[in-house]
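You will see two complexes here that share subunit A, one where it goes with subunit B and one where it goes with subunit C.
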Partner chain A sequence: MVTYGGDEVSALVLDIGTSSVRAGYAGDDSPKAIIPTQYGFIPPSSDQDVDMGDNSDSTEKPKGARSFIGEAGPSLFRPGMQIGNPMSDTLIQDFGPIPALVRHVLQDSMRVNPSEHPILVTEPAWNTPENRERMAEIMFEEFQVPAFYIANTGVLNTFAAGKGSALVVDVGQSVASVIPVVDGFVLRKGVAYSNLPKLVAAHARHILLGNNIDLIPHQLIASKTPVEPNMPPQYAVREDKIPGVTDSWRQWYEDRAVEEWTQNMGGILEQGWNDQLAIQRPARQYEFPTGFNTFFGPDRFHVGELFFFHKPNLVASNSSLPRHIPALISDSLRACDIELRQVLMGNVVVTGGGTLFSGFTDRLHNELVRSFPHVKIHAPGNPVERRYGAWLGGSILASLGTFHQLWISKEEWMEHGKGIVAQRCK
Partner chain B sequence: MAASIADVRSALSIPGHVTPNRLQQVKKQPSQSVKKPEGISRELYSLIGPSAPSLAAQLAKPRLKQKPNLGGGGKVKWEWRNFKNGARSDSLELGHWVKASVDPDSEYPFAKYNVQPTNYIWSPDEYARHLEDPEWTQEETEYLFNLVQEYDMRWFVIFDRYEYPRGEKEAGRAIEDLKERYFSVCRKLIRNRTWADENLKTHLQNLMQYDKDREQMRKRYLTSLDNRTPDQLQEEEALFIEIKRLEQNERKFKREREELLRIIAGIEAGLPDIADEDASVSLSLDPKRRKKGMDFEIPATPILTAPVMKKPQSYKNAAHDAQHCIIRNEPSGTTPATKAAHTPSYMRSYKLPVPKAAIAPRVTQILAELGIQHNRLVMPTKDNCALLESLLETTTALVETRKVVDKADYEIKVLKSQLEVRENEDEGDGTASVGEIDDSDVFETQKNGRGESIGSTRSTRNRKLCRRSMSTSSVDTSVTLPVRAVKRQKRA
Partner chain C sequence: MSGISGVTVHQDCITMYQELKLRKKYKYIIYNLNKDRTEITVEKTSDSGQYDDFLQELPEGECRWAVFDFEFEKDGGSRNKLCFFAWAPDDAKIKQKMVFASSKDALRRALEGIAVEIQGTDPSEVSYESVLNKVSTGTR
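Here is the complex of A and B:
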């Protein structure tokens, strides 16, 4: 065991993302508990008495609202339930529900006592000092953890790929980022990120709405009958539930429908955009919750193309268009020392659920190899590893024997206060 | 042997060392009986004793193949123990599973990896005396040193995190500026402090060398390499392929030439300069080295000079030669030093002089009379070879001279007979015949002269002959030449 440098102290790893919260033991190869970051809540003004499911969690929100966290939180229909997300652009904007989320994932899903385990939390490269200090405060004050550390997702993704230096291309649910990591440190000047996935989702929604497709979720459908492709759907809506649907829940389920469609249908042409090739690709059938089903041809590839290329008219019409991935990479490299280019391009790590589009890695390679002949891309084939790369890196880091000197202990927290976080977690 | 002696004793009924022998045998018995072979019951073994060992194998019970014991035997006990990390300054106790056999008071095994780099600190006085720099304030220098300490000399990270508030008009510091300041301060501190170990001091100073201009130039080169357009890259690639092709042709040509030389001239030794040229060409044009950008750090000259083969050093020293019995044959200076003029090494006896083909049989005959075989020397030393050579030379001269003498004798005889005929006939027109003789005489004289110059004949008889012929011929010519001239004038 010593030969691998590992020494497990039963640490926990907590990775809070925009779409899901991942938690597990350090030393494992995949997180033990994954719950959505979105949560449902019913404001206190609502006087309806709702029967919660067995597996839903209820904790008191600061406002006194009832909140529903976990797998059965937002996805279960409850009249008047609204959907909230503490994350915005991968940063925690609202710390109110964070303790409840953490408590749910640690105590209710993993069934561990946080006061017995050191905990490693992840943060994006552009996290603010206030945010990480607040996170440390929550961990020490609310969960009484014996030791705490906050590590950068870029660095952790590098470690998950078994490297010390890498250019991490991370496409999440709301942000696509390119992070240069050298010797286990993020080069902050080279960090480049944009809300590209949101643009992709908006485009997908635009395509679906352009085809007059109803994005009604299965929760609101009482019955449906099978129909031929492209025929109008025949379904009955749960009229009793319709009055209880809130705007935020409607937004959530529509987003989810679009996301599902994108995940199933979206693709990327490996050799760059070509109308002929896009038409030649076989069309795929997709059935929506209403029973409506149809075939999608080149539209599928229009969605993925946005990751790599923006049409000039689109750029002209929208000045604040998020940068696509090749632009992010070149921006990031330009900010780095010229000597590092060779190192970084030889170690491109592709991670995040947004990179699971079919053809994403090939296309990226084709784009990069034009300007960097020695480019080498590391993309885990296992989808779990690809989506939870940061968690995996945290799991590796927190189980290393040499890492244990870096923990911020409770004693140090009491002694030095918030300053210790910036001092220790560089 | 001992047994046979005992037998002899018993046969001769000599009482002697019988008793101690018996005692020894008795003593050995119990130790042998301990090794009871398996498969024989104790009773049977006590009956037959150790006399039936060959049966033992057959008597053993058949058994299944033994299972391998991989665990080393026994269970390992693990226990959950709290430990303190020696690399930490606080009292945090974490727990982990360890083997129960590990000493609980032993130091945490990973604490030893917590190595801190040496930090250089200075007193204000020291700073004022040695470290002043118009570009840097003391505060900024301290800030830089703290960063270097914090990030463990990872310069790219240090440069990334370097945020020292400076004046608006001042430009931000480049990574080279930071490095230069750090290393120069370290160098000065090392130089101006007293060191117990001078070697360590020089070693540290060497470690702290930094050439900012060189680094900046290197970076500019890298940038220009990186900024090549695809067209330029393509052209470079094409040129590179062309060079490779040319090089290959050259190599092929050289190989063929070498092959030819080997066949024709029998040169077995290698041709060192061919290999040399190849090495230097391929080194200087290696594209990978160029593209990596590493070669700017490596000075170019040593690479190019290194593979040039050293010519064996010529000790023209006469004393040295004499001491080592070396005799040098100076190569002929007229022939150009080309491959074609290359002479392989040979045995001295292979190059013994050979007499002219026309007179070879006669030379051989003469030497045979003397009892010498000229085409083989028993001991072809240098002196012997020289002697043989001079012998052959003289023999050749002798043979030639004799030939001339014989001819002259014959002429004289002919002339005498002619004279007799003329005297007998008294008066007659003999001009034509005289002229003919004249011509032949001139020829003879010339031949004689040459013979004289070449040969220093030793036999007195030959010399006498020679003199005689000379005198006659000279008389002849002196008489006849004017006559001939008159004759020719008349004819004209």
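Here is the complex of A and C:
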């Protein structure tokens, strides 16, 4: 509990990822509200008056004339609705929709008044000084928060594992990263990250399309009849909706269908790739929104294998291939001195929803013990703890009574301005 | 002086460490957090140089810090090195692990002259052999 103005008030914790925005009370073991980071918007139609001249930063808004945020935002069909995402590589690239997203998750979902609660926000290790200052500005100026702190997700994950030093392996929806944390601080030169999850998603999509599977959004399906495995699906399309479907909405839905398939079907061979082993694993059945259902065998493991190994022909055909996890780890360790490498290998922390594939942790262990004598991996078994490790770390940190000395208060913000963010949040 | 958590260090932590370091009054000190998790305090001191006795003090499922005055033989001579332990077993409660991890720096910076720091999550990482291996590298 934090004492503010004589009353005990819980702090809020806000963790903005590529796929979702997580918010909740400090001290809780899981976020209270989780909404998609993507939002729907309908662009102003050409016959409306569009004030192009006043496109200044002072009025922060999502794109478009009308926007749709939250659980019922992007996922519901609306004629002409497009999908926007303020994030790219887990950095906020477009601050326009951020106030609306924050307002939705805090006020509409959690039903709290942000001007009454200190707020701790998370940031990735490669966040820019401008970005964190902007976040502070939005919190103080738009939401009138009484106090603010921004904490690094790598550090929060390390602390949540009970460690001061660790090598954090974090796989999210768009980025896989390896972050060395030493005595509670990120070792910046050792930060390595790539768009590996996007490669995995692209491969999964390729597999599904190669099997002629239609990824049509279930919102466009009027009705369907159950069919036997591998039989053509029998479903009726909502023809009336088709003219209103935009490319970005359809893309977003298809991405979600691919992700859902990957999460349910994807697996990793613990001992490394082996055709025999992949065939021996039992195939699993999966049903798509159209009603089409089939069994997936080795393809399931081809998807997961991309996290750890890239075939030479794939590397040769793609010069900008995102680095796989063993490559990210070795690049990260190269920047650390030899003694530190041993410490880090004894304290590998695995986090992020992208690490929940069956076999992920065992495979990582097997890859690392080949090069290091002592490897210890800390991977929370509880999926909530794994998915929201940074949020949880922030929740515990902000709930400590002694943490109050680090908050940047509104008064300090007014007095010192942006400079205080870098000074206080190291 | 404090870590990111804001937890402070009780003066006894430093005084007793000085007595261990300069006057050899103790062989080891066990540190813990007070009940309110606001301050680091001395939980126990001992003059037993038996490493096994010391290991008994690191509880299952709970975090502690400790300083052990580690004696060993090298090149026919007897040496000693002050080792700092951050003990955080995996099955400790997540909140306790978090407070300990984010407060360690406060204690660690208050103790001058530590030669080796050991982050331990299971008995193998604080075993006699493992620590001996760490203290003897780099000692001439």
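Basically, the second predicted complex is superposed on the first by the 398 of 426 C-alpha atoms of A that agree within 3 Å, B and C clash if a C-alpha of one lies under 4 Å from a C-alpha of the other, contacts with A are read in each partner's own complex, and residues count from 1 in each chain.
One rule holds in what follows: a residue touches a chain if its C-beta (ideal position, glycine included) is under 8 Å from a C-beta of that chain, and two chains touch if they have at least 3 such contacts.
As the structure is a computational prediction, the values presented were derived from the model and not from experiment.
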item: Touched partner set for A:376, first subunit B, second subunit C, both or neither; value: second
item: Which superposed partner A:187 touches (first subunit B, second subunit C, both, neither); value: first
item: Touched partner set for A:215, first subunit B, second subunit C, both or neither; value: neither
item: Touching partner for A:347 - first (subunit B), second (subunit C), both, neither; value: second
item: Contacts of A:162 with subunit B and subunit C, given as first, second, both or neither; value: second
item: Subunit B versus subunit C as contact partner of A:405, first or second or both or neither; value: both
item: First, second, both or neither for A:392, with subunit B first and subunit C second; value: second
item: Contact residues of subunit A, present in both the subunit B and the subunit C interface; value: 183, 401-402, 404-405
item: Subunit A-facing residues of subunit B, complex; value: 85, 87-88, 90-92, 94-97, 108-111, 113-114, 150-151, 154, 156-157, 159-161, 175, 219, 222-223, 226
item: Subunit C residues within the subunit A interface of the complex; value: 2-8, 36-38, 63, 86, 88, 90, 92, 94-102, 104-105, 108, 119, 121-122, 125
item: Subunit A residues within the subunit C interface of the complex; value: 29, 158-165, 183-184, 343, 346-347, 376, 378, 385, 392-393, 396-397, 400-406
item: Interfacial residue positions of subunit A with respect to subunit B in the complex; value: 2, 5, 7-10, 118, 146-147, 182-183, 185, 187-190, 336-341, 401-402, 404-405, 407, 409-412, 415, 426
